[in-house]
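Heads up, the next two complexes both have subunit A, just with different partners, subunit B and then subunit C.
Take a look at the complex of A and B:
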């Protein structure tokens, strides 16, 4: 599809196109698009409340598991992180679909931010998982474990997203190619998850399934931790989007005033 | 059902738990610090922009007050 078919107001939200789009268009996009910073404060407050509550529940409410003892407390951080990471990648793919359907750049920006944040949380998942593996299995990493290796493959796959994206200079092509990548990689995530679950030989415990029924106190703590990590993810995404939009607004204003 | 401990087990693995939580919150902290630095840069840019806009406004006001050369010449001719 030719870039000429894009309506001007839809070119407004991408920080990479702001150097090429006209300032009036960019400002129009800011006015008609989304108010930057909207929802950031309630999200931040919710996160600041939820995270300490989750920590209190993890360390003072949840019972200690018999086999691993206190080490099992990492479960309440590592598993929600992994779930939120994979959901972030899938959401990035869904937002990319919306971008390709609507040609609206704001969806591309949201997809980019979801994947960017997913990558950060994914690194956190790998590190916390590694620490847990060292304490529990005596090894930092087990290459024969499909869950670990598949998660690493997903992270490495998404690690190529940013170099691919910023290797393309033309903003229209950049957004389109990044969206296609996000959709294909996003589809790979659930497939990968299913493939790992279907494998028979594994050491890594299954969290979502009939064999891992948690006692009510543990299940409640896990759910609160999942909500807290999800809120943290949403808050950081909102923070990143707000910062990007503010930078774009500043650039657009300075060009409108003829300073750059 | 996940088995629960009847008594508090030996705490030989406490360091790993602390390390996992500290590492994660350190990652978040580093990210927030980077964002704060970027925000500082944006604020500086905004201050510069405001200052330049104000300076330009003053220049334009002066320009409007002082008559141009052509206007002066017209007055001389009259």
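Take a look at the complex of A and C:
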């Protein structure tokens, strides 16, 4: 990034450029822009490989479960989705802490993307959980399953993240308030699971707790699908970050060039 | 407050007697600030009567609505606990929504930020004020509930119920203050306050309702304490502690402009 590309007399001619974002800073922005996109290709390829492998393992390698039969295969989708969602929320909270400490807006952007993706994966978890509940217990919704209920409460809470965020106009305050929300909600996740689990006498065997004594073939398949879903989450997050970053740069560029 | 100042219009967060102390280099101590802010809050509420009467009236009306909606003259057990806590929670939402509105609209925040005082004092004072509102609300709503809907006599259950009420109120006050401060700066603050607070308060409702439902059954064996009830009270206390600390940790970031 050399200042040679921008002759000094041109910079002094147009004060707007130097006041809004000096060409130097803009170039630096472009560099970070490519940094965002840098990991994208290997990450995408890894996801494109891992997801089909996981699916093949789920359908052809893992044995059919004795009690629930073929339906149990949704376990390999549902549980990783749930784990990745909750991890996304907690990561969003941690990134928000970093944002409040460093006051660097890029951490807020990352926190937003993690929570946004977590919300999408969370809706997927609720849908797959509902299908599983319908198949194995005969109801679309079961109040006696504490994990499902607490998950719904967490999703309801995080569903207010975007309304809160976009109801604040000032961008700096928006980032700050969204971070505060992300921290509070991130701490709420474990508390809520504790309270709901205490409130329900659980009737059903806990799949998550018993995953340690799964048959080795099932455990292996589960681990591979967990990796695949995590990779999918990371890839989608990184795509969203790159897209947001690019859009911001484009906006900054067109502003300096005088477009509206 | 002196007699002369009662004639003046109320100035939120900039009570006249605090100004000289605020000019000192260090500013007043934490508790002096909290006391001054709390007195301001209660004075404003006492003069305007904006929150507490509305909350109490809402609670009593909701009991009447429940009577017709459920088509029952008396309730007990789980049902009674549910009605009581839903009503108290929604009535508390009214207070939460109004908690920071005056400060936002009339410049109370700016005045507070100008004073060289710890910003946490605002959280403590607001939470204590909300706690006081909730106490007055329950002073009216719980007897009204006993009179209108509850089947077992209230006098039996009241001593045990008191502990549940106190623990739940602390949780509601901590979460309510935090959420109110978050929501007041947004465009749709009346909508966002309850939307944010209700999921956050679900654990409080679980704990409070489960702890109070054995107290509200008709044939209650007096004296002995259910072990499950102790567990619920412990959950409530843990929730209060965790979210009290979280509110303390993040509140400063909401007051920086």
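Throughout what follows, the second predicted complex is superposed on the first by the 208 of 260 C-alpha atoms of A that agree within 3 Å, B and C clash if a C-alpha of one lies under 4 Å from a C-alpha of the other, contacts with A are read in each partner's own complex, and residues count from 1 in each chain.
Please note the rule applied: contacts are C-beta pairs under 8 Å (C-beta built on N, C-alpha and C of every residue); 3 or more make two chains touch, one makes a residue touch a chain.
As the structure is a computational prediction, the values presented were derived from the model and not from experiment.
For the composite obtained by overlaying on subunit A, subunit B and subunit C can both be accommodated side by side without a clash. When the shared chain is aligned, subunit B comes close enough to touch A:254, but subunit C does not.
Shared-chain residue A:102: touches no atom of subunit B or subunit C. Taking subunit B and subunit C in turn and counting the residues of subunit A each one touches, the greater count comes from B. When the shared chain is aligned, subunit B comes close enough to touch A:74, but subunit C does not.
By the touch criterion defined above, A:157 reaches subunit C but does not reach subunit B. Legend: residue contacts after superposition of the two complexes on their common chain; A:181 is shown touching subunit C, with no touch to subunit B.
Of the two partner chains placed around the shared chain by superposition, subunit B is the only one that A:123 touches, whereas subunit C remains out of contact. Between subunit B and subunit C, the shortest distance over C-alpha atoms in the superposed arrangement works out to 25 Å. Looking at subunit A, you'll find no residue that touches subunit B in one structure and subunit C in the other. Residue ranges on subunit A touching subunit B, taken from their complex, read 55, 63-71, 73-74, 77-78, 81, 120, 123-124, 127-128, 131-132, 134-135, 212-215, 218, 232, 236, 239-240, 243, 246-247, 250, 253-254, 257, 259. Of all the residues in subunit A, the ones that touch subunit C in their complex are 100, 153-154, 156-157, 160, 163-164, 167-169, 173, 176-177, 179-181, 183-185, 187-188, 191-192, 194-196, 198-199. Contact residues of subunit C toward subunit A in the complex are 178, 182-183, 185-189, 191-192, 195-196, 198-200, 202-203, 206-207, 210, 231-232, 235, 238-239, 242-243, 246-247, 249-250, 253-254, 256-257. Subunit B makes touch with subunit A in their complex at residues 1-6, 8-11, 13-14, 16-17, 19-21, 23-24, 27-28, 31-32, 35, 38-39, 42, 45-46, 49, 52-53, 56.
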